[in-house]
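The structures come next, written out as structure tokens.
After this come two complexes, each holding subunit A, first together with subunit B and then together with subunit C.
Take a look at the complex of A and B:
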């Protein structure tokens, strides 16, 4: 099977080419800035949260990075159904692989934060439960892939599964928790950080943090994809 | 470079002065001690180390990608 690494590149890909360095440095600088400014700049003085409000700069960007990676995955899954290209399929898998790391980090940091604000690591809060389920959905995606040996079939079935898993993940993370009472900000009767807590001082750190971690996540995905395409070439030879 | 770094640190140190005390307990003692900078330094060292490691992985991968076409 002949695989051309230099395939067609979309507009975004031309700007964020995997082998370019500038966006990796940019992402690194943003993440380091987040660590410094996130700990030193002023934050609103709120009861219960106290200093732990700074976790917003580290816990939430994990989820943003995960969602961006899963979006990349579903994009390439749809693309692979029409293009039947193995590269698109590999991109879909590797972005899920990278996204799951960020999802797990988000879940663990969320549990630790919950311990000191809600009282328990796991209080079976709707947001926590649904976040865990949405990660399980993607574990199922990987297991489904591994259970099919034939490449064409594997690409097609897992792409279709992914197209169903993505809206499920969106519903589980953003719709269902809002319908129930949840301790997590932004759900149930609980106001989100956006309403009054996230003041201009926090925005100065929060937005760069999200962008920085998304770029780092994309970087991890690109490394995984490049390794996989080399492995794939070796197998084909 | 040292001057710039020093002025940035001083700038961050003054930011806390704007914080208003409304009775909610924050880690003000840690900040006034200046020990928060120890924490920040550690976190930054870890992050820089991990990111440098990522860059080195990326460099090695680029090398492998480059030598691939000649072999085939």
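Take a look at the complex of A and C:
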């Protein structure tokens, strides 16, 4: 894998940009704050949910981080189709890898919450099923990558599948659950984490949690990308 | 207008090739008929109470038959054939002609399959057969738009069958959920107003799929 002089130059630029530390510290402080405040600050008393409403701080930000990472991946897939650069392809695949971690964490935190409020880890709720299917979509993307040996061809074909699959994931996660009855908070007339019960105390923790986890997700992705590019450089030498 | 002309010729070519060998249509028809017959032998009859199973079974059979039928479109062409058509025509024309041809193929296939299915499981027929047929037509269109593009991707990746299934299932599931819901409305005999949402959503998803396919195929078609 040979990266030209221009490629090396932009690689170095990437290091400099990603190595800035302020947003990493900011993200870590936000996540530590939400972990402490999320468990200690007061929450509204709602029937059924009770204290489990605190899961909002830990479950929902996972999905936000996943969506942001998958959007980054689609962005770099589109970019790699026109630029044909290996770096863009690496960014696309590493943000999918990081996004899948957050998707799985979202499923696990949701399932643990469901055990205590619905009685079962997995109760075939549409939201659970659709989230699982959209994770499958990205596993299929990774398997497609593994099946092609030639690097440029792999970059091109997997980018095409990634872009083709993204609108379907949006339909799965945001449109279909609205057409079906679900037990999930905010659906089918259940008390949701909506404006009326997301009171100001919860907002003070929820919004920082989302921002913090998105930053942490981006950090995970940038570390993975840097490890991958160092490995590639070693192989080239 | 150049595009319309190219599409017309390419569809004519596809139909002519199929008419000469009659391999895909006969193969998939036999596949569907024997699957339905196997289901009939294992269920013997599905009465009024089991109409949900009746519906689910039909869509499972259609899903696998259409994967087998549509995936042929790109996978069975040799490299030389593909090169030849790519020299002569634009990528959009190739994709549109394949999609239209697959839609025609699927329409014939699903119509015959539905007829045979109703004949075999004669204990139960959906009360609103016209709406059920609308669902079947929508299904043929959606299956062919999605599977045509996925089969193009799978054929470029080089290892056909298994990859085709892995790549297409997560994409087709949202469409399938809408289709089953629409078909269930027909099975329950609900008035048509209740189904406009699903029909609209299916149309939107299809337009979305065709649009992204048209945008992406020019990057895919040439090695």
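Definition applied: the second predicted complex is superposed on the first by the 215 of 237 C-alpha atoms of A that agree within 3 Å, B and C clash if a C-alpha of one lies under 4 Å from a C-alpha of the other, contacts with A are read in each partner's own complex, and residues count from 1 in each chain.
The rule is short, and it goes like this: a residue touches a chain if its C-beta (ideal position, glycine included) is under 8 Å from a C-beta of that chain, and two chains touch if they have at least 3 such contacts.
On a predicted model such as this, the values are computed, not experimentally measured, just so you know.
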(message) According to the stated criteria, A:179 is in contact with first (subunit B), second (subunit C), both, or neither; which is it?
(response) second
(message) Touch test for A:204: subunit B only (first), subunit C only (second), both, or neither?
(response) neither
(request) Examine A:101 and indicate which partner it touches, taking first as subunit B and second as subunit C; both and neither are also allowed. (result) neither
(message) Contact-wise, after the overlay, does A:142 reach subunit B, subunit C, both or neither (first, second, both, neither)?
(response) neither
(message) On the A-aligned overlay, A:35 touches which partner chain: subunit B = first, subunit C = second, or both, or neither?
(response) first
(request) In the overlay, answer first, second, both or neither for which of subunit B and subunit C A:112 touches. (result) neither
(message) With both complexes superposed on chain A, which partner does A:168 reach: first (subunit B), second (subunit C), both or neither?
(response) second
(message) Going by the contact rule set out above, which residues of subunit C touch subunit A in the complex?
(response) 149-150, 153, 156-159, 163, 166-167, 169-171, 173-174, 177-178, 181, 197-198, 201, 205, 208-209, 212-213, 216, 219-220, 223
(request) Flag every residue of subunit A that touches subunit B in the complex, lowest number first. (result) 5, 19, 24, 28, 31-32, 35-37, 39-42, 45-47, 50-51, 216, 219-220, 223, 226-227, 230, 233, 237
(message) List the residues on subunit A that touch subunit C in their complex, please.
(response) 81, 130, 133-134, 136-137, 140, 143-144, 147-148, 153, 156-157, 160-161, 163-165, 167-168, 171-172, 175-176, 179
(message) Can you tell me which positions in subunit B touch subunit A when the two form their complex?
(response) 12, 15-16, 18-22, 24-27, 36, 39-40, 43-44, 47-48, 51, 54-55, 57-58, 61-62, 64-65, 68, 72
